[in-house]
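Two complexes follow with chain A in common, the first pairing it with chain B and the second with chain C.
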Partner chain A sequence: MAAITMRLPVARRAVGPSAPRGGEKHLVAPGDTITTDTGYMRGHGTYVDEEKLIASVAGAVERVNKLVCVKALKARYNGEVGDIVVGRITEVQQKRWKVETNSRLDSVLLLSSVNLPGGELRRRSAEDELAMRDYLQEGDLISAEVQSVFSDGAVSLHTRSLKYGKLAQGVLVQVSPSLVKRQKTHFHDLPCGASVILGNNGFIWIYPTPEQKDEEAGGFTTNLEPVPLSDREVISRLRNCIVALVNQKLMLFDTSILYCYEASLPHQIKDILKPEVEEEIVLETRQKLLDLEG
Partner chain B sequence: LPSVPAPPQMRGSRSKALPDRAVVNCQYSMATFSTGERRRRPHGDRQAGELALHLKQTFEAAILTSLFPRSQIDIYVQVLQADGGNYCACVNAATLAVMDAGIPMRDYVCASTAGLAEDTPLADLSSPEEAAGGPRLVLALLPASGQIALLQLSARLHQERLEAALEAAGEACRALHAVMDRVVRERLREVTALMGD
Partner chain C sequence: MVSVVLSEAEKLYIVHGVQEDLRVDGRGCEDYRCAEVETDVVSNTSGSARVKLGHTDILVGVKAEMGTPKLEKPDEGYLEFFVDCSANATPEFEGRGGEELGTELANTLYRVFSSESSVDLKSLCINPREHCWVLYVDVLLLECGGNLFDAISIAVKAALFNTRIPKVRVLEDEEGSKEIELSDDPYDCIRLNVDDVPCIVTLSKIGYRHVVDATLQEEACSLASLLISVTSKGALTSMKKVGKGSLDPESIFEMMETGKRVGKSLHIALQKTLDEEESLGTSRQKVGFLG
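On to the complex of A and B.
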């Protein structure tokens, strides 16, 4: 008779950092008056009603000199120029592709913003338009950079560098954009044997580190060789670690993911998803991060 | 049990898309086990359509739709246990869902029913009280500003009694607001503490 394990969930209190850092944050809910002083400019998450500045989302108030805005806990991705995003192609239109990033409106990747084989400065001809589907189809994953933002909030992407392009074999993890820390670079090669792209829109792509950096023609050729088992284990462990960090609401950046990976080594890969193991690992990660700073 | 599939999405309804505002789309359904007798058809009956329309009107007043041109906000609510005040429970739950999704709103929307039983105003009627046939007042309130999002009266009520019933509903809404506010703030505190700086 095979043994079956049954687990009954119990309400758990999240274990946070023991010493609260920084000052007290001003937490507001919609309808709360932030200030009645008219000297402030209003930012996102607020609206003005009869000379009072009122919050419209539930979150923490951020004040920069005279600008007051409320940052919501969980919101869709708001594009900013220069961000790295990972997205999935949803539509192929006449001269552009529609890309799903985790934002309010679908992002746009123009044909003129991609690198086509044959050189940088080629004119886009009618054949290129017809051959669009050969480069990127519906369902493909790409990594790109935000070129500009339209007035209604839609984001325009470009892949005009060899490090962006179609993504081949790997694992995608979708998290909330507010958990991805802004850093100088979002492409990391972790020493444990895998690489990770932390998209600012909350899509995280984990893939095996390529052996040599070959110069491909515009990043559209995909490498479909079978991935060895050891690499696959590393990638699965990383994916479970990221899910654990997200559940415990820890900011995601390369150091935190690496520490979490190291802390999880004693456990089996599938055990990382159990709540008590998750808490233990993340607590250890938090501790190491604090030691790093202190 | 509401779900707001994380904030605004632009769906295929491009023909209905308004160029300067968001469209709020509500769908209401009841589970078959929610009322006393097992319901046959959980979707598509007239009551569901009417409730969905009321929800839509209420939330269009409460959500700042001018911030999301050309998009659509979907709110799906499913009632698991119905004991009077279905619309009110939906409104309260959807308020929390919209707030959690990070969609900007003017204020909380708290809703409550009120009625009269021989000159005594009652608040938050249960289903036997509703079925008794007295006048029933449904009020959806934005507590901070005191603005009314929706006011509905069924059966006839004398003008002099209106004040009392309105008062009772208003008090119930404010009490609800206090409870919801407390829960939201606790959750905010928890999450900001976890997220660190």
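On to the complex of A and C.
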């Protein structure tokens, strides 16, 4: 039976700010004067014009002693060593792959930074170069860690661990990098029945929890068996919950996603993205998170 | 066409999901995404509408101008369609990149409205063989999120519903020359009857089943799609196959039946929303682009 909902648009209402923690944030827009005091050093996102410090991006002002910088609310991903990212292969070049990670420049995955099948440790030969496309092709998704950052800001990745590698069946959600909270671990096996990888670059990968951990597979073999319907429902519900949290600008981490999932259980999966249902679910999640803190 | 790149495993996941009637966002195969429709958003047009279908954003403006009727149809007005793919939607549309897609969309609209019963063109005639109303329908693609044809046809129908054409009178002089007089009251206008205006329903074949309202990811998994235009009474006015894959005649028949059914519900939902907007009148809070 076809279900078609059409409605008139409703103006967005500003949701009241949650209890202020550590004072109000100083939000600025490009062109706003931050301070006229000349004693400050200017950091990222600011510039000096006629002895005034002016913001060049829209965001929150951060001050560390004498350094003033503006952290943009919506910006491309800036790589830092140790971050976990989920990326898509865009090109296969001579000894490396180019990976798209929602940053200003394409990231690089060198052939020497991936594990060879079978876990061998040897120098990469010409045969390995020719076999690159057999492992990772254009369009494939990988999970990797940032090894280093080049001087121009481009990021170099590595998959030198069994938990990184090519991703199999699942769903990708692209969000703004500033909404992913920095945590100890970004690989979560949620109790509702699916696993999620929260990439620092804003790419979120939701996939069915693998049954047993293959020792030597390490992300090489892709499981192409059909995913059962129960797992699909969990994955679709998680995907809609994450989109709802992003629409309401809530930080994404395992607890917030889980609370949102639980709050959405009374509703049907496809109803979660309706504006009124979305507001209700996110309000409940926000309340639960505040109770957790308080 | 705008497209995204997907890995083979992602495509497989989508295909298997469609098989089990559970798409990535939880919809069934015949469900549309939540749509938002608003009319009268552009002030210097005779009629306008904006439709948001998921991530697809379409703006349509209708301008009524006086022109001469076509030679083969001297007592009718006509519609002219133009589709502009804005570079806002995707960087591929920069410069002349969006021209090909724009002409394809415009040609489809011409085809859909080519049937005589869609719009009452005789009501657009002022003086046979001399003056008639020409409706210039301009479509602007603001964002591409899959399913462009459906969203455009919904927006065109809403804009035509909102169009107000000023009433004119033809006065005969003593010498026989005709003069056209515009009525003084700005609210004195004629409205078009959009009951028979068709809407396009795109059915994309994914695996062994077909889906309605495909997202960009689902379009990347489908090899062939069928575009059918359906009126509110369920009559088919045109049909077009797109995509490089092939379709079995039996699946075409099934897709046509689904399209007719879905098309009728689409018209009911759209008419309800337009009537609701009309009933609110001036008390409606206009949202526009900065809401």
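A few remarks follow.
We take it that the second predicted complex is superposed on the first by the 268 of 294 C-alpha atoms of A that agree within 3 Å, B and C clash if a C-alpha of one lies under 4 Å from a C-alpha of the other, contacts with A are read in each partner's own complex, and residues count from 1 in each chain.
Keep this in mind: a residue touches a chain if its C-beta (ideal position, glycine included) is under 8 Å from a C-beta of that chain, and two chains touch if they have at least 3 such contacts.
Every value quoted in this text rests on a predicted model; they were computed, and no experiment measured them.
In the superposed model, A:A263 makes contact with neither chain B nor chain C.
Look at A:A194: by the touch rule set out above, it reaches neither chain B nor chain C. In the superposed pair of complexes, A:Y47 makes contact with chain B only, with no contact to chain C. Using the contact criterion defined above for the overlaid structures, shared-chain residue A:K274 touches chain C, although it does not reach chain B. Using the contact criterion defined above for the overlaid structures, shared-chain residue A:R76 touches chain B, although it does not reach chain C.
Judged by the touch definition given at the top, the superposed model places A:C241 against neither chain B nor chain C.
Within the complex, the chain A residues that touch chain C are 1-12, 88, 90, 138-141, 167-172, 222, 224, 226-227, 229, 232-233, 236-237, 239-240, 268-270, 272-275. On chain A, the positions that touch chain B within their shared complex are 14, 16-17, 20-22, 25, 27, 29-33, 45, 47, 49, 54, 56-60, 72-76, 102, 104-106, 152-153, 179, 248-251.
Interface residues of chain C, counted against chain A in their complex, comprise 5-10, 12-13, 16-17, 20, 22-28, 30-38, 52, 212, 261-262, 265-266, 269-270, 272-273, 276-277, 284-285, 287, 291. Across the complex, chain B meets chain A through its residues 6-10, 64, 68-71, 99-108, 142-145, 181, 184-185, 188-197.
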